[in-house]
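Sharing a structure with you now.
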Amino acid sequence: MTHISQNSASDHGTSNDVTLDLVNRHSHTGNLFRISAVILSILFVLGIAGFVLRITTDGTSNNDKWGYYAAVFAFILTTAQGAPMVAIAPRIVKAHWRRSTSRAAELWALSGFITTLVFVPLIFVLPGLEDGRRSFWFYHEGEVARYIPHYVGALSVVAMALAGLFLLWVSSLPDLAYIRDHQTGWRQKWAKVFARGWQGTSWQWFMVNHRMGILGAFYFMMLVFTHFVIVADFLMPFVPGWIDALFPATHAFNALQGGVATVLVTLFVMRKFGGYSDFIQFDQMWGLGKLLLATSLLWIWFSFSSFMIFWFGKKPNELYTLDLLMTGPYLWLFIAVFILVFIVPFFTLIWNPVRRSTWGPPLIACFVLVGTLFDRIRLYVAAYSVPADADMHGPIPLDLVPAAVYPDVFDILITIGVIAGAVLIYMLGTRLIPVINIWEQRELSIYQVHKRFHRTEVQVLGKPE
Amino acid sequence: MANEKWGMVIDLDKCTGCQACVVACQSENNVPINDEPLYNQRRASAWIHIERYWEGEFPDVKARFIPVLCQHCDDAPCEPVCPVFATYHNSSGLNVQVYNRCIGTRFCANNCPYQVRFFNFWEPSWPETLKNQLNPDVTVRSRGIMEKCTFCIQRIHKAGRNAKSEGREIRDGNDLDIRALDPACVNSCPTNTLMFYDMNDPESEIAKLAHDELEHDGRGYHLLEDYGTHPSITYLKKVDKDAELHHDSH
Amino acid sequence: MQEYIEHGPKKINRDLLAGVLGLPRWWMPIASVALLVILIAMCAYGWELNRGIGVAGINRPVYWGFYLANFVFWIGISHAGIMVSAILRLTQAEWRRPVTRAAEVLTLFSLLAALSNIFFHLGRPWRFLWIPPYDFARGVWPNVRSPFIWDPSAIGTYLIGSSLFVFIALIPDLAVIRDRVSGKTAKRVYGFLSLGWRGTPRQWKLQTVAGILLSALVLPVFVSVHSIVSWDFAVNVSVEGWHSTIFAPYFIIGAIHSGVSAVAMVMALMVWGWKLENYITRDHFDAIGRLLIVVATTWFFFFALEFFYAIYTLEDPEIALRTMQVFEWPYGPMFFVFIVASYFIPVPLWLLKNVRRSPMGMFLTTISVNIGMWLERFLIIIPGLARKTPFTFDWGTYHPSIVEISLVCFTFAFVTLGVLVFSKFFPLVPIFDVKEGEVFRDEIKVGRRTVPASIRE
Amino acid sequence: MRLPSVQCVTIRNENIMDLTRRQFLQMVGGSATGAVLFAACGVPEESRYINSPHQMPEDLVTGLDNWYATLCRQCTTSEGLVVRVVEGRAKKVEGNVDYPINLGKHSAKCEASLQSLYNPDRIDRPLLRVGDRGKGEFNEIGWSDALARITNQLQILQTQNKQNGFVMITDPLSAHLGDVTQRFVSGFGGRHLQYETIERTNISRAMKEVYSQEIMPDFDISNSAYILSFGADWLNTWTSPTRYMRAYGEFRQGKDRERGTLVHVDPRFSATAANADQWVPINPGWEGILALGIANVILSDGLVSDSIRSSLSPDDIAIIDQYTPEKISLDVGVNADKIRLIAHEFSSHAPALAIGGGSAAAHTNGLFNMKAVYWLNYLVGSVGVEGGVIFNPEPPVPSVGKYSSSFEDFRNLSQEMSRGEISALMIRGADPWYGLPEDSGFRRATFEVPFIFAVSNFLDDTTAMADLILPENDAFEDWGSDIPDPAPGYQLIGFQQPVVRPFYENLGDELGTKNFADIMIGLAPQLGLDLALPGTTFTEILKAGAEDLWRENRGSITAADFDSFWYGVLQRGGWWDKDSKYQGTIPSVSNVPNPKSPKFDHSPSQFPYHLIPFTSTGIGDGEGAFLPWLQATPDPITTATWQTWLEINVYDAEKLEISEGDVISVTSASGKSIDVLAFPHPGVPPGVLSVPIGQGHISGGRYSEDRGSNIMSILTPNVDEESGALAWAATKVRIEKTGEWMRVPKLENTFSEFPRDENQHIIKVTPDESSSDH
């Protein structure tokens, strides 16, 4: 680790220059942006159309038609909604490189709108508890509501989305103030409304930091809890014998990995097309690259821990689960996932030159994102395709493993549409809130200095309490 | 003798819990005498033992007996966990314990869902005169090692050797062969609850019985099927006048 | 607010070598007590060897007892060293510097303590040689499918790795001692150990690189060791309480929880014992306190998952097991103590700055954590066995015998004595690391306040 | 009262010798010094063996073995065995496939007879009492000396012309041994009593009066469709369990037959009750009345064939008419509908069989109970038919039937003893000291008898009182013969041959063990008796007996010359003739026994609980208490071992705050009390306590001594006036907690609740297809 980052702040001199520069960049909207926005919105509309067709033709009664739908929901949940963690975690450990990435990450909280929307039909797809599925709610006729998983699921998804939005808003208060002060037209009005009279008093600063801390922690907890609920009630109960205590954690950690990947790709786009190349540099790639490596390692360790127990246990139900999710109808999908989510990141990112390049980590991140999508498809489609009348408790023979379910036109439309929607809403968001965090950039220019140390020049980082 | 798969059929409807098999096993296999302290320490070893389960309350109380012994599973959970291969599966479907090899980690015992593996916590001891009874064909296990039912492998081998020396194979028909072959518990069982023979032998009455009862939803079942151990022992359900049908689904 | 004391190399040497060149007054009595305990326990072990494992309280079906609970506990503690020095080194946490050595030494001795438990546990320890694959001549191999074969390999690797770790970090300090110690043989010994260290830039570079490399390499081992230890239990298909996929991460995070707590404990003891309050400052306690909050909470999350999913199966033995664990005497009270002592007492206290920053506070809380974590291991192992499978006829219980208890005491005495002896011959605080820390420390002026800063290479 | 343990000086010395010898050998072995060191700290030498890490000892070919057919003497009805002998040592016992009683099967007791052969506490030489009587101090004495002493004593009797002062108490003897004993005793002019702890007086009397049979008939369980059993635990301990269990296997799942139904009436939840399709708990002593109630239903509902009905005399019918279910249900404790149901099923499933015994026969109205129960068989016409009661023919050789003297006889004997009229008591294989209630006065009386000598292998309680102990050959070392009772429905005699040489023959002629018959035969000339026996040794007598059979030239073995016949008999373990069935007349019906209700002459307030003793699965009535295997055999219901426990209803226990293992003192109306371990379980009817017989020996070696307590000793000596049998189930008791606690040694878990399997994870149950119609 002997390379020295030339950080934007040093080139842009004082913090005020930084502010002005960023505010201007923020207000300028290019053609490429407009075109892509249009395309995305078309795709999104197509997706909605696909959904309408699906629900009119098949209804919500039979699960296997909704596997892909659930999968893409989970995909957005694990990638876009995981992204804000990339802003939260480094902030807690005071990693200096986070400053130009945190806003880009936080903005993904907007995708909460999409997930909430997409989640609604799932409530109707999931049958009630009275069919004797496994659940944490220990269903008893009369004593426990039969739709309690649905309530709790909806609640947690909404709560998570809201937490994200609040976090975004709180952390962008100072920037909104800057916009209010340095801008004119509708942006200024908009910012005026949301900046809530920010003056930058030390008390306000203290409150902002404080709120960010709390909301960050809360968002993390909501993330874990939501994944837990989704897995425990919307995924596992469909598969007899899939009693994998670790899997909710795996699912949540995938969200971290997916989040990092999402942010990496976002940064790359910003750097390449958004014109933020001065702000997004090796440091960010290096740090996020390390994170991506770490999360991939976590992925393999968690997955192996789960696999190990099932494989050694060899109970009929465990074998059934393994066959359904790994070795059976979805074998090739599983191999693809394994390569994309573990092999590729591990064997490339472990290599310093790759991490140090601006193109390496984003490229890997693309692989990871595709892998994550496949992974979700593998899990959800498989789980939703298990016949509803399978005995959930007794030993279940392997020959009841259902065949692979392939996507039809509707599924493809929906999948693309939902993803397009998420990206679209993000792009629109960048028009309202600067995608580079102005106040943190100012902070950086304050806390980072370069000194001569004996014979080399070193970078000195201030760590305020 | 390579292609056998020794197995047992246990008809729970006949078992009266008379304990004949238990003592027969003790005397055939040099199982240490379970004195009172051993029972109080919960370390009594009975390779085959009768478990008694209660059902209902007085006066409609029921006590049901089941002889439990090593199931000689095809996928025995005890086998993979032994670090030193002290327990392994032999060519004739038996789950064998190599006493000399055992170092006493007791891992196998933990991983046995049937709890039929017994550990020599103390050095087994007999009064001098009683040692005259010990079976010369069976090792006297020392302390600190695991032991369990072997389906009286020494008898199986002896029967095989005798048959070979007379230049023939063991036959199901030949009663004396079967007497020599059968484990001590099977020979003693007064009600013929326990039946033993090669499950790979298509002619064998017992193999047929096991097969039929298992296939055409008869009384056959394996102990703890949902553990996927595939035991060599087939139990036949107890018949009860006032049993509900729904229990069969379990 | 961070306080910061400039020492200067001379003072550092003087302070940190005090334990080696001199001897604290309390050293002898404590060491001799520990030695006494060890001797007594060895008599107990002799008795066990002589009479057989029957002298322990284990029975059918509870075939595993105190020894393995204790084994897991010490493996857990052993994760402290690597956690603190390797991970913190890689993430360049400044506060690690004075505590790394103590943590690593703790690792070393707790690993040995854990290993000793294996021998207590075996039915025929004199036959342990069947485990390593040496009997090729007769074609007899160990069974590589068994976690009890993975265990020795992983633990062995871990032991070697962490001893290297300790040694590499020791070299510069050994040189310092070599130059200060009086007495011919001592000089010769330290001279030999310090491998002719002269402090040339090249040597420094090598030493640093080696440190970083080792941390990177030892991390996978660190993960594998406890995963494997957890699999000793989790692969047991017939013990529902154990057969849970979460065990590997759950054990790891539990290990880190107890391990880091143990480090904090040792830090406090060092502050008191060797008067190191100028080196292990309140900041250090603060930092480790924060770390502990995160660790503890993650651990609790995994604990909750493990517990919920156990009941999730809705199998009779599982329900019975949990009822026994939580409600029945004596496990119920133990469970309560465990959960309170390892989470609900310490974490809220750690949230208070004053507690985090006071050695006494950290000492007491971390002690309670380790009591709780010991009970956790006990509560995982024994009830699981006592209620395995639907064979209610065989369900049992377990009472530890005096032999087992004294052998558990042995492990504690052994680790204590080990660390004490180590501290007599080597400095418990890495001298060179502290000096490096001083060099890398810096300040930045922001308006009117000065912000402490650290130099990044 | 408590006797100190036996100190057999000589035996001790011998042991020490042998120990020192081994150590000495170790010393000389120079290489063995290490071994000695290890031995010093007690590391067992097995742990020091170096053994192959991968070779199974089971793979090694060992020495050759021989199998000899013989008889078992542990069981009440001797079973045919084959014994595996390797290098002159008996290793394993298995059932004799040919022998009709057990057809290759055998009970736990037979297995354990190996341990009586090699028992460390077995008496290996004649012993002479040195201390006071009952102190149990004996000294070694030569055979010639011992026999001389006996001769003297008996000659004194002859000279004083008090031959009738000589009484011999043996276990029930039959065939040739019985014959010899009979001749000896009667020749001398003494008396011969046959003792069993659980006497069969009532049953044999009932057989005589109901079926007019001298000997016990056989029950054709395997062919019967419906069995109604009263009190007899015939699947566990009663008369001939192994034979019955073999039949039971057929009865349940026999080929090409419908599954039989078993209903068991018993105040105690015995193993038979556990295996029954229906267990009918009943108030103790009312079995007979219940039987009449069933008869009542059968008659009034016209479930009986006209032929039988017509053969009933009017006053029979009059008697039965009184016992309507409604009237009796309160006393009997079984509700009327249930009685009706049972009656209907019993009469509708032919052939049906009614068996009675056990505690049902052990009441002040025991004889009536038995008669009433067995009389039921007439009503359903299953007397003398397949699947019912099958009468036995006369035994093939002239022999005393296996009868056991009634309690009354022993009470009279005790009175005579205490009056000093008995001057010589000879005891063999019987333990009246243990088995008779203390109130019978036998124990006290023994101190009044000048000369007691016992022929016994073990120092059981009675033997411990003897002045002279003559050790007998073990069954496996000895010749013998037995006519099983009940026989399998045709003539059968089992022959017992020595399978190993006497274990103690190396002690020489003066020491070691002898055959009981040979002892008597040896004594006879000195006493000037002519027993007119066909031989000078017991073996010859047996051969002579066999020769008679050979001459009849029928049955399982026929041969040209006697020798081959003899060897054939020995190889098959006996001789039988399947065609020699019962020839006599089969009565169509007999008179209804005149009813009699049980009497418990104690105030219920003082003694609220019925005490039902029962025979232990393992150690039986105490005769097996010396054998560790039997001691360690778990009781089927409680799985308890090695101790005496008290089975008490769970709710009674809760009321009294009694939990398992509490030491409870049981006090009977006789004022005597014993301490037992409480064992509450769901199977015990409220108000009933049951305690196993067999523990509480005051001597007899390491396995039986000071272990548990003797329930027989506290019984109140109620008798059935008609038969004079001891009503051992008619005692009422009260219980108190002593406050002590002791773990019950049992196989079952130590988990607080009763092991249940309600969801049938383990024992799966399926409904009865054959009887699915109702």
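Chains here go by letter, A, B, C and D, matching the order in which they are written, and residues are numbered from 1 within each.
Methods note: a residue touches a chain if its C-beta (ideal position, glycine included) is under 8 Å from a C-beta of that chain, and two chains touch if they have at least 3 such contacts.
Values in this document were obtained by computation on a predicted structure and should not be read as measured data.
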Per CA centroids, the chain at the heart of the structure shown is B
Ranked by contact pairs, first place goes to B-D
For the pair subunit A and subunit C, the C-alpha centroid-to-centroid distance in angstrom is 35
When centres are defined as mean Cα positions, the distance from subunit A to subunit D in whole Å is 80
Subunit B to subunit D, mean C-alpha position gap in Å, rounds to 29
CA centroids of subunit A and subunit B: separation to the nearest Å works out as 56
Going by residue number, subunit A touches two or more other chains at 312, 314-315
The positions of subunit C in contact with two or more other chains are 51, 124, 130, 140, 235, 237, 390-394, 396
In subunit D, the residues touching two or more other chains are 47, 53-54, 748, 750, 755-757, 759, 761-762
Touching pairs of chains in this structure are A-B, A-C, B-C, B-D, C-D
Per the touch rule above, subunit B residues touching subunit C in the complex are 41-44, 51-53, 68, 77, 80-85, 101-107, 109-115, 118-123, 142-146, 224, 227-228
In their shared complex, subunit C is touched by residues of subunit A numbered 1-2, 93, 134-136, 138, 224, 228, 232, 243-249, 301-302, 305-306, 308-310, 312-315, 393, 446-447, 449, 451, 453, 458-465
In the complex, the residues of subunit C that touch subunit B are 51-54, 58-61, 63-64, 121-125, 127-128, 130-131, 140-143, 145-149, 232, 235-239, 385, 388-394, 396
So, in the complex, the side of subunit C touching subunit A is made of residues 1-2, 91, 223, 227, 231, 234-235, 237, 243-249, 301-302, 305-306, 308-314, 442, 444, 446, 451-457
So, in the complex, the side of subunit D touching subunit C is made of residues 41-43, 47, 53-54, 748-753, 755-757, 759, 761-762
